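Comments concern the structure below.
All chains are identified by letter, namely A, B and C, in their written order; residue positions are counted from 1 within each chain.
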Amino acid sequence: MVGIITYGAYIPRYRIKVEEITRVWGANAADIKGGLGVFEKSVPDLDEDAATIAVEAARNALKRRNVDPEKIGAVYVGSESHPYAVKPTACTVGEAIGATPNMTAADYEFACKAGTAAIQTCMGLVKSGMIPYGLAIGADVSQGAPSDALEYTAAAGGAAFIIGNDNPVATINHTCSFTSDTPDFWRREGQAFPRHGGRFTGDPGYFKHVKGASNLLFKEIGTSPKDYTYAIFHQPNAKFPQKVAKDLGFKSEQIKPGLIVPWLGNTYSGASPIGLAATLDIAKPGDRIFVCSFGSGAGSDAFDITVTDAITSKDFHRDAAPGVMQLLKDPIYLDYALYAKHKGKIVMQK
Amino acid sequence: MRDVAVIGIGCTKFGEKWESSFRDIFVEAGTRALEDARMSGEKIDAMYVGNMSAGRFIGQEHIGALIADYAGMASRHIPATRVEAACASGGLAFRQAVIAVASGMEDIVVAAGVEKMTDVGSDESTDTLTGAADREWEGFMGATFPGLYAMIAQDYIHKYGMTREQLAQVAVKNHYNGARNPIAQFQSEITLDTVMKSTMVAEPLRLFDCSPVTDGAAAVIVAPLDRAKEFTDTPIKVLATAQASDSIALHDRRDISTLDATVAAGQRAFKMAHLTTKDIDMVEVHDCFSIAEICAIEDLGFCKKGTAGKFTADGETALGGKIPVNTSGGLKACGHPVGATGIKQVYEIVQQLRGEAGKRQVDGAKIGMTHNVGGTGATVACHILGRV
Amino acid sequence: MVGTKCETCGRHFFPPRTFCPDCRRAGKIVEHQFTGSGTVVTFTVIHTAAEAYSMLTPYVLAIVKLDEGPQITTQIVCDPTKAKIGMKVKSVFRKIVTDGESGIIHYGTKFVPVE
């Protein structure tokens, strides 16, 4: 049965608080925090990028379980902030974990759902018997334009999943997707910051596709929200996932462990993956997990997952790598000037 | 093996020579050496030139030929060789010249050193100097040259407890000497305060712990001792020449704050000359950074390991002290045109031994020593010279 | 961090060496994956750096002795005032330097304090 063999996450140490950003732009911190449900977001160090985050997440996954990297037959990295437009992050990751040269690789882009798309691809390659293991990563050092609403939430982080069918810690029983051509949020080639359609990103964007994929999955395998222990939804802010969960019929306790956006921000391609990682950090054998990501442009990937006995077996050492809560601890706060320096938002001499 | 003597010396003023080119300065140094030896260029049989990085500083390689050409020797087709060992290029050029004469292969040989560093910006010159270290495993990781010596300083301080003030005294003393040296880049004395308050470069080294960027050239002429009197009334005999190498990267050394190559070269030099540190009247050591002088005087054996800080602060290395160190002002105050320094050190010792050192003369100077280092200690050349 | 080890004398090499300097031809060299664990032997805080590294200043440059024996020059990612000789550190994957805006990004290993 195909599933998650091991997983790992990585979140940079630095943070900036919403009130520090509002201070600079003259906005009202209480309004923003109340409206988005986000207090602070993660910021990459000066020498971190989507590739270093992807590598650290992958290495954390490998710390938890004895997987021979040479048996990883595919590496896919999903990000909106790949360091190169041409030259895959997946190659750097593959080399850094010792999976090269006998593997396939490619980078994915699908806004915030590139990481879950990578999981689906790995599932197909494993299920078809083409590869023993595949590595799927969602990692980002997301950009929000200065003073734009996205600046309050665009954060840095990532999670990695090794997919296989040899005693997974969680089986992925089913996956399906709902995709359309929708211009809710986009970034043109060469542009530094994304643009978005304001309120258009809600119903025609996020809600239509998350509901579309979720309901499609429930219909295809005959499940409903009450069948799940936990649920993770894409979290651009705290309000959207809470609303879609309620609309679909999930309870707030179900989404709680996977809802980390209030202290992390929106890590774009890392968002649903990190939410899933945070949930797996506390899951027990038999727990059933529902995941539905969302990527602008637009589409959603839904997953039905069952945690197995392997997660508490001697083959898997959850404590060998830091969990998401651990990664969120002991942050180092930056002011806006240092934040801008870290994010390359200061104009330098070329 | 024949005895070798220095029969002529010449040196340009060291400093930021905006109006002088690379060609200008070595011609000046060479001309002065020939004048000093009362010799015409036709007598020169061969030439060795120390230069670290003309390729990056002025885009010029093939220095040996260039210098022979501009020194008017191209038509005589003399062998002209460029020697490179980063900051020890000059010391090695001198050694090659001495070996050529001692072996009987050549008779009259010029050993010169030249560096023109101010035709590029400071970013470029800093990066060029990083080539003296391990580019791939030190420079690439973010090490700067001052950074590497700063790590030597931290290790030294951790082991031996030298104070920051003691370390700063090295620069104060060298500026005192430099103020009495007409060719020195810096002609003014400084106080301890100046050093202690200067900009931090790499902890604990501040701006005034670091030698400057300098343009300059020096040249000396060597000949068989038994022919010296044809050219000079004050021939200076080369009593010893020694050279040693060590790992290029600081992290591969046996002990971070001991330059084993200095220890080896120093011992070889003393052995060759049948002398000890007690016989040396003054020594020019390689103070690219203040900590380098501290390590040098210990590693050469002038004082015990861990005591050079106090030794310096007590004035033992000052002009009137037990063993005057860097009477020229050292690299710090005299300046450090990289390839020229090793030759300038010989120039200073010869002046001292001839009694021509003016306000910085060490009374009764009979035997002097030079110590020239490449990188953080991967190459060291030591020479001992004596009055005939 | 993949280096080499001489199985004849047990010495480890990072960066990798294909020839053991002690055993020479008698040395049997094999690949070795280092744990990434080490101790700070000496360090400095760089305030003036080469242009390509100038965004990072002040940063800690150190010589780290890996648990397996070899010493390397590297950066320690930490508050410069907290760096200490003898500090235990572990490896992390970071950007080392970039060849300008259009050039290659060089990745490599730095170290962080073990808490």
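The definition used in the following text is that a contact is a pair of C-beta atoms (placed from the backbone, for glycine too) under 8 Å apart; a residue touches a chain by one contact, two chains touch by 3 or more.
Remember, predicted model here, so these are calculated numbers, not experimental data.
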Fewest touching-chain hops separating chain A from chain B: 2
Interface with the most contact pairs, given as the two chains involved: B-C
Most central chain, judged by mean C-alpha position against the global CA mean: C
Where chain A and chain B are represented by their mean Cα positions, the distance between them in whole Å: 59
Separation of mean Cα positions, chain C and chain B [Å, integer]: 32
Shared interface positions of chain B, touching two or more other chains: none
Of all residues in chain C, the ones touching two or more other chains: 56, 96
Residues on chain C engaged by chain B in the complex (per definition of touch): 15, 41-51, 53, 56, 59, 61-63, 71-75, 80, 85, 96-97, 106, 108
Contact footprint of chain C on chain B as seen in their complex: 123, 126-127, 130, 134, 137-144, 146-148, 150-155, 158, 199-205, 249-252, 256
Partner chain A, residues of chain C touching it in the complex: 2, 33, 55-56, 77, 92-96, 101, 105, 107, 110
Residue numbers on chain A that touch chain C, as the complex places them: 45-49, 51-52, 55-56, 59, 83-84, 92, 96, 98, 341, 350
